[in-house]
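So, here come the structures, one by one.
Shared between the two complexes below is chain A, which has chain B as its partner in the first and chain C in the second.
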Partner chain A sequence: MKLEIGNIFIKDVQLGQETMINEGLLTINPELLAAKILEDERIKSARVELAKPGESVRITPVKDVMEPRVKVFGKGTVFPGVAANKVEQVGEGRTHVLKGTAVMTVGKIVGFQEGIVDMSGIGAEYTPFSKTLNICLVLEPMEGVETHAYETAAREAGLKVTQIIGEVGRNMTPDEVISYEHHPIPHLAAAYPHLPKIGYVCMLQSQGLLHDTYVYGVDAKKIIPTLMSPTEFMDGAVVSGNCVASCDKIPTYLHQNDPLIEDLYSKHGKELNFMGVIITNENVFMADKERSSDGVAKLAKMMGLDGVIISEEGYGNPDTDLMMNCRKVEAQGIKTVLVTDEFPGKDGKSESLTDAVKEADAVVSCGQGNLVITMPPMERLIGTLEDIETMIGGYEGSLKKDGSIEAEIQIIISATSAIGGNKLAARMY
Partner chain B sequence: MKKLKVVHYINNFFAGIGGEEKAGISPEERDGAVGPGMALAQALGEEAEIIATVVCGDSYFGENLASAEKDIVAIIRKHQPDLVFTGPAFNAGRYGVACGAVAKAVEEQLGIPAVTGMHEENPGVDMYRKDLYIIKTGHSAAGMKKTVTSMASLGLKRAQNQLVGPPEEEGYHVRGMRINYWAEKRASLRAVEMILKKVKGEAYQTEYPMPDFGRVEPMPPVLDFSKAKVAIVTSGGIVPTGNPDRIESSSATKYGIYDISGLDSMPADDYTSIHGGYDRTYALEDINRVVPLDVMRDLEREGIIGKLADYFISTTGTGTSVGSARAFAVDFSNKLLEDGVNAVILTST
Partner chain C sequence: MVKEIERAGIPVVHIATVVPIALTVGANRIVPAIGIPYPLGDPSLGDEGEKNIRRDLVERALKALGTPIKGQTVFDDAYEF
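On to the complex of A and B.
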């Protein structure tokens, strides 16, 4: 398996008549995109707004973030099996990326768990999406549309528009091309016999009730752990459908650009042998947790791994999945490192996790999400501030008269995502 | 810059007022620096001045905890200091407890930063480490100069609202608080580096040592439910409509106790869920899905359980720290015991 990622560096984005890229300037037609979204009868209105790094702009409530990509050759399309795309195996051939841009679905809250992206000020330091050129889709559901139908409609609108924008990159010559290869397991094992064989266990949020992830269109609640090529992630085989607390949300964008996959690849063939990704779920039933963690340990053993890194999405209940995966993988004689974020209370004095096993002796922290900060008012708002005080991380009195927001960093999109893309960490004081 | 005003608390021994035989003296104040305050004043330099010293015997403090603390805080308040030091107490146990109590009271009641110093074996360290900055000291006053230098440096930083560094930099006892910082490398890269070290058997340091939650011994089973009084406790955020106790939708700091006497089923109009961690659609449709009053009443009527308590207890589970949850339970368990409850059904979401 070989996937070439062709990055087209986008330096600026503007609204205009024609959808095109000219010397790094991306032009998109807002009416065209809005019209596409409004083909869905569940959506009443759709508006396209832009937000750029450094601007005094607040975007909220943000649901998902996606990166525009297009499959130039090789099988399938990006986001296979969702938003009316055919299901076809991806992860091979060539994919072009509009690097530097992101599409965000914004608008009336679905659950409590959408978050904030500030493009400047202290809030911007915590989210990776203050550094991207953001194409925001501000959506409003039709009256009477049931919550779950609205969530689906918003998710599909985001994926469709992202694909339309990505299509602009099809005939471009990328600024850089990076090649990712993934070989059959026996070949991989033979290629670097002296390097440690490392795998990545990617825990997908699947608690249900608006905490979902889709794999080739399959609800991750219904999967049993399986093996994936890292390149499949880059083509959008895994799509976020969740409204889990916004700070540790893993939006679709981060599945497309999984930092653990990037960093494992960067040392592949040199310091380690990156053997592949095991995906598993975080279901709420004990039987599911047992079955899935058994499956993870079994696959790790069958792959002949020496070590695995286990990521997590969400906190609380999934801490138990994290610990069960750790304990069972270690029981196979395979070393583990866990990547997690922490929730020790505003004062940091409580336990950071809700479950623990003695085997979890190698943990990487993505920061503590209960930290309270005050984000200054912004000149422009994309979306609505209506629900700030009931969003996770917010509380009564969070929204100040001057428009500033005092809240836990939980309220900021991907501030502490436990796949490790940020430099934020917590330590013992 | 204006000189910072400092008040220093010490015991009778360090004030030069006898030894154990004088440990019963009540709080009194002196102008300026006394005893170890001299070295502390030197360490503070030009930026701060010790304007008063409060002296109290350790026995007196131990025997009159509440009133001694109140009197000492009153003296300190009068001087309106910017910063307070207590001790250092080294390995003197009663002195350490007094230093901790005074420093904590000053921070909580007066909102003034306080710094103390103790040896790691001083019982005051474990009592107050989560509340206070306690500079590490040697066993005895032999290490006074080094100790007061660290105390002065940390105290000045706190009084001037400067960022306090980690324990190993500033020299204080680890407080057990998880605080954010910006690492040099992103977490994914640190994870890759850590797994390589672990696999190769090289030394590595976990960034979060596993907590010890302690084990709760299971109660013996209820032998005869038909005589048991049962209560419902939930972390599903069910509250009377309007949320009278203002329980937070995440990271709860409180819980509520709500009357259900005379109800056969949870009325959907009168109750709601304020929980921010799950899709409440189905809970709001039928509140009994989270607080199963309807089936509990059936069991009560059928005599399968003796009686259902007249109330349920509720909080929000999502984001709520283990520490808060533990404190809630310690608190309301007393009520459950007083009310003769033998068993609790815990529902989560």
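On to the complex of A and C.
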């Protein structure tokens, strides 16, 4: 499978009449996008607002972040199987990307599990989405719509708008084209016999009750572990439907731009042999945890891997999935490195992870979510501050009179998301 | 809590949804519960079915409490009292 990613560098975005790109300036029509969203009867109001890096802007409550892309050649569309898109295999051909932009869905769904993106100040340092030109869709549900139905509506609204915006890149000449190839497993194994064969186990949040991820439209709690080409992620085969603690949320954008996949590709054929991605879930029943971790270990062995990197989304009981995957993969004689984040409490004295096994002797930390910071007031607000004190990371007294917010960094979108994509790390002294 | 109560000399049965965590934190007598969303029930079984689940779990837990053990023990369906 070969996928060419054609990056069109977007330097600025503005609202206007015609949807177009002119010398790096993206123009979008807010009325047109809002009208498209309001075709869904579950949504009462939709407004488009822009936020740019360095501006004094606070965006909250943020649900998901997506990157506008369009499939130019090859089968399928981006985000296959969701938001009325046909289910068709993706990951081959050519995909154009409006690099530098992001679409954000904003507005209360469950409130406590949405988060903050600040475009400047200390808060901006903690989220990857303070560096993107953000097209924010501020949504409100129709009265009487159940939360789970509205979550679906908001998710689909975001995906639809992201696709409409991505479409503008179809006939453009990209500023750069990067080629990603994924060969059949026997070819890969034969190509670099002297290099360690490495796989990536991507654990998808699937606890249910609005903690869900979708794979080609399938609710990930219903999958058994399976093998994916890394290029399928780049075409949006994996979509976030999550309301989890914001800091370790993996928004759709980070699945499209998975930092571990990027890094594994960059070292492929040089330091290691990147053999592919195993996706698995994080379910809430022990039988599921056993079945899925068995499946991960089996696939790793069938692929002939020497080592795997395992990432995680969320914390608490998913730490057990992480450890079960680690223990069972190691039992096959395959080395593991775990990528996670930590929650040691405000005083740092609690256990960082809920579970641990002795085989987990190589762990990369993406930071700890309990760190308290104070984010200065912002001149402009996109969304509402109503839920700040009940959001995970916030507490009574978090929202100060002057508009500043004192809270744990758990409240910031993707501050510690355990596939990387942020700046935090831990070192041993 | 399990460990502190046992430290005071009172045996504890931990009815746990995620058994590996109970093992990691050091519970000695563990009875597996149904699952995280409904530890002691199953809404699909109706009131009577849920009552039966609870009775079974409580009886299993009480039996476990009176069972001498040599180390951490999981009193699951396969355990023979």
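The rule is simple: the second predicted complex is superposed on the first by the 423 of 429 C-alpha atoms of A that agree within 3 Å, B and C clash if a C-alpha of one lies under 4 Å from a C-alpha of the other, contacts with A are read in each partner's own complex, and residues count from 1 in each chain.
The definition used in the following text is that contacts are C-beta pairs under 8 Å (C-beta built on N, C-alpha and C of every residue); 3 or more make two chains touch, one makes a residue touch a chain.
All figures in this text were calculated on a predicted structure; none of them were measured in a lab.
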| item | value |
| --- | --- |
| Clash or fit (per the criteria above) of chain B with chain C on chain A | clash |
| Partner chain(s) touched by A:S350 [first = chain B, second = chain C, both, neither] | first |
| Touched partner set for A:M172, first chain B, second chain C, both or neither | neither |
| Which superposed partner A:M286 touches (first chain B, second chain C, both, neither) | second |
| Touched partner set for A:L209, first chain B, second chain C, both or neither | both |
| First, second, both or neither for A:M324, with chain B first and chain C second | second |
| Which superposed partner A:L38 touches (first chain B, second chain C, both, neither) | neither |
| Larger contact residue set on chain A - chain B or chain C | B |
| Identified clashing stretch of chain B versus chain C [217-225, 271-279 or 307-315] | 217-225 |
| Chain C-contacting residues of chain A that also contact chain B | 207-209, 354, 356-357 |
| Chain A to chain B touching residues, read off their complex | 111-113, 147-148, 196, 198, 207-211, 243, 245, 259-260, 262-264, 267, 271-272, 306-309, 315-316, 335-337, 339-340, 342-354, 356-358, 360-371, 390-396, 408, 410, 418-429 |
| Residue numbers on chain A that touch chain C, as the complex places them | 207-209, 284-286, 289, 317, 319-320, 323-324, 354-357 |
| Touch list for chain B against partner chain A, complex | 130, 164, 166-167, 174-192, 194-196, 198-200, 204, 206-213, 246, 248-251, 274, 276-279, 281-282, 317-319, 321-324 |
| Complex contacts: residues of chain C adjacent to chain A | 17-21, 24, 32, 34-37 |
